[in-house]
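Two complexes, one shared chain (chain A), two partners (chain B, chain C).
Presenting the complex of A and B:
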C-alpha cells in the first residue's frame, strides 16, 4: 500500500525541483519550513521527530533543501515530510505538509476489531511496521 | 418634538416622531447595527417605514403607551439613522438601524432573532423586507461560544493541510439499506476522499434506522483509514424530532469513535446552539446542512440574506456550513458567495459592497467556520473551484464521485488527483484559471480515473442567472 497522508500523496513522487518549488511558495507566504521524520506512520501519530527546529529566518529554499537532503541521508528508509508553519494571527498552525521520502515497501495497517457487546465494535489501527522496535522498522 | 406630555398623549403617532428615527444618531461601538432592504407600500414615506421597522423590531407598538415612561425608553428604542435608495431599484431603500446591546440576552441567537426578524417581517405598511447584513458588536460576540472546533483545529485533528478537504454525499440519498450505504462510504473514502456525508433527509426511516447506519458507516470509516493511513470521517446526521433523540444519536456516534456529526438548519437556532455546546464538550466537529434556507434567503426583496445566517451560525457554533459553489447546480453569484465565505473564514471581515458586505466585522477571536461547497460540481471544474473558493473549504462531489463510470473508488481518486495537481500548480505560480484544463488533461495522461471523469462531465455547466446578487458594482474609472 501507499500511505496517502500529506498534501500531494496522490501524485507521482515529487522531484527535488518540485519540492523546492513548494518550499519557495511557502517561504513567499512568510511561513517557516520544518523537516520531520518517523518510522511510525499511524494516522494519529501527530509528533514526528523534528530533524531540527523550524527555520524561521530562512529566506533561501536551497537552505531548506539542504535539510531535506541531510535528513534523507541520515534516515533513508523512513517517512520524511516538509511542514510549513504560519504564525499569522488567526492561523498559527501548519499550512502545508507533504511527504518527501518514504520506505521502499510500506506494509500498511492492521485493523483490529474488538467486539464489545451488542453489535458494537471498537476499532484499533496498528501499523505493521511498529510491531518491531524503533530503529529496526523498514530495515 | 414638544413636551413629554405631548409625546405621550394617547393615540397614534408616526413612528418617526416616536423616537425611532434619528438622522443625527451616531452608533455606539456596542450597538448591533442592521441593514434592511425596505420596500414600503405605495404612498408610505421611506423614513417613516424605516422608523416603523426600528420600532416594531424593538419596543414600539401601534399606538402610544404611557408605560414607556416607567422605563429608560430612549435606550431601548432602536434608531433608524440612515435611509438610502437602492441603486437601480425603484421603490426599495436600504435602511441602517441601530440597537442598544441591552436589548439582547447574552449568547442567545433565539433572542436576537426574535427581535430582529420577529413581528416586523409581517408588518402591513411594507410590501417586503429583507435583512441584508448585521454588524455584531465585539461585546456581544464575546458572549457566544463560536465554532466548537473551527478550521484550524479541525485541520490539526485530521492532519490535513494546504488543500481543500474532499467530501461526497452518499447517493441515492434515500432508500439504501445500511449495509449498502456503508459500502458507498468505504469506497469513496478508500479512493481518496476525506469525508463522506449523510444527506439532510437521512435520519431514521424504515429502509435504514440510525443505529444500523452509524454502525456500518464506522466500519467503513475505520477500514478506509487503515487502508490509506489517513484520518477519515463520515458526517453522521443526528437530526431528529427532539433534542433528547439528537443527544442519544450524537452520544452513540461518539461511542463509536466518529470525529464528526451533522445537523440540519431546520432543527432551529436553539437546538443548533445546544448541539454546538455538545460538540465542544465531546471533541466533535459539527457539520451544518443548510436545509430550508432557500425559502427565505434567495429572493432579493424579502427574507434574510444567507450572509446573515452565516454570521448567526458562526456565533451559534457550527464548524461546517454549506455556503455555495458558484459553479454548481445551486444558487450562487461569485461576488455574493465570496462575501459569505469571508464571513465564515476571516478574523476581520471588511466592508465590501460589491460582495454584499455592508459592515466591517471584527470577529473577536471567534473560531472560523469551514465553508462547504456542494451540489453539481465535478473534477473538471477544479481550477475554477480553487480560484473562487480558495483552500479552506470542503469540496463535495456526490454525483461526481459515485456516478463515475469506473466505480466509486475511481471517482474519488479522480477528484483527489485533480485537487492535488491543481494545488501543486497554483503553488508553483501557474495561472490555473487559464491553464487549468491543460493541467487536468496532463494529469489525466497518467491517471485513468481522472481521464474518465473528464470525458464524462467535461461539458457539464449550470449557467443560469443568479437571483441573489449584489446591488453595487465597481465604478469604472478612466485608465
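Presenting the complex of A and C:
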C-alpha cells in the first residue's frame, strides 16, 4: 500500500529533475530546506530523523539535492522527505513537504478495533512494518 | 501571383537538428558577455595578463557552447581557479566579476559569489568541520566559492588540525560536482606556492592559475583618481602633485598593499580635508570646496615627514 503523505503523494514518484524544480521553487520563496527520513510510516509520526542540517540561504537546488542523494545512499530502503520551512512571521511552519524516497515494499496498516464500554469501538491503525524493531523494518 | 514567391519557401528556417554551422558573433551578442568584459576593461586598471586570461576563458566557454549546439559533447571544462598576487591587487574584485561572466556564459546557474576564509570552513571540534564546510559548499552551489587566503586551510605544524578535513571535502565536491560550482582559491603568491606543493590533489584540480601583477606608479595614480571620482571628490592641481610624489614614497614602505594602501591614503586625506574645512568655520562652503582635496591634505602624511 503506497502511503500518501505530504504534497504530490497521489502522483507518480517525482523524478530527480522534478524534485530539483520543486526545491528551486521553495528556494525562490525564501524557504529553508530540510531532509528527513524515517522507517515508521504512521501518519501521526511527525518526528522524522533529520538528515544533515537544515539548509538556509541556498541559491541553487544542487546543494539540497546533494543531501537527498546522500540520504538515499545511506538509507535506501526507508521513507525520505524534503521539507520547506517558511520562517516568515505569521507562518513559521513547513509550507511544502513531499516524499522523495520510499521502501520497495510497503506492507500497509492493520486496522485494530478495541471494544470499550457498551458497544463502543475505538479504532486505531498500526503499520505492519513497525511490528519489527527499528532498523529491520524494510530489509 | 508568379512574381511573389510562395510564403512557405521564404520562411523556411533550418531546424536546430539540421544546423551545420553556428554564428559565434550571434552567440556572443546573445550572452551579453561583451558588456561585462568591456566593463572589466574600463573599470579595472592594469591587470593585463589577468584580463587576457579571462577573455580566453570566455572564448573557450563560447566555443564550448557552439560545439554543444552542433552536438559535439566535450564535457564541460573544469573552471576552478587560483588567484595569486600581492595584497590589494584586485583578486576579490575580479572574483566578483568572474561570477558574473561565468553566469552570462551559462557556466554557473546563479552567478553569486560566496567569499569565505578558513574560519567559515574549519570547525572547532571533532565532527564540526564536515557539516560546516558542506554548508558553505551548498550555499555556493550554482555560483562561485571564493576562498581567500586559502593557505590557512593547511597547517602542517599541527597534525591534528581540522583544515585537512575541509580540504578533503572541498576536493571531493570540486571533482564530483564540477557543474554545480566553481571554486576560486586566492592568496599571496609565495605562500600559495607552498600550499599547492603540500596539497598536490588541490593543485591538479585547478586548471587556471591567474597571477595578479603589482600595479605601476601610473596605474596607482589612475586608481586613485577613479576612487576619488566614485566618492565625488577631486584633486586640486597641488593635490595631484602631492599624490604623484606620495605614491612612489608609499611603494617603498613595508606592508605596501597596492590599491588598498591608496584607498587608505585617500581616506586619511578626506579626514584631513574635513578637519581643514572645519577649522575655517566662518567661511561659507560651496560645492567646490567640499569636493576638492588640496595638496596639504596629502602632504600631512607621515610619508612626507
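Everything below uses one rule, namely that the second predicted complex is superposed on the first by the 139 of 139 C-alpha atoms of A that agree within 3 Å, B and C clash if a C-alpha of one lies under 4 Å from a C-alpha of the other, contacts with A are read in each partner's own complex, and residues count from 1 in each chain.
By definition in this document, contacts are C-beta pairs under 8 Å (C-beta built on N, C-alpha and C of every residue); 3 or more make two chains touch, one makes a residue touch a chain.
Just so you know, these numbers come straight off a predicted model, no measurement behind them.
The superposition on chain A brings chain B alongside chain C with room for both.
Contacts of A:97 after superposition: chain B is touched, whereas chain C is not reached.
With both structures placed on the common chain, the touch criterion links A:52 to chain C but leaves chain B unconnected. Look at A:121: by the touch rule set out above, it reaches chain B but stays clear of chain C. Remark: in the superposition on chain A the angle formed at chain A by the CA centres of chain B and chain C amounts to 100 degrees, rounded in steps of 10.
In the superposition on chain A, the chain among chain B and chain C reaching more residues of chain A is B. Of the two partner chains placed by the overlay, only chain C lies in contact with A:62; chain B stays clear of it. Here's the short version: in the overlay, chain B gets within 17 Å of chain C at its closest Cα pair.
Overlap of the chain B and chain C interfaces on chain A comprises no residues.
Across the complex, chain B is touched by residues 1, 3-5, 7-12, 18, 21-22, 25, 41-44, 46, 83-84, 89-98, 108-111, 119-123, 125 of chain A. Touching chain C in their complex are the following residues of chain A: 52-53, 55, 57-60, 62-64, 66-67. Residue ranges of chain B in contact with chain A, taken from their complex: 152, 155-156, 159, 161-163, 192, 215, 218-219, 222-223, 225-231, 255-257, 346-347, 368, 413, 416-417, 420-421, 423-424, 427-429, 446. Across the interface of their complex, chain A is touched by residues 109-110, 112, 131, 134-135, 137-139, 141-143, 177, 180-181 of chain C.
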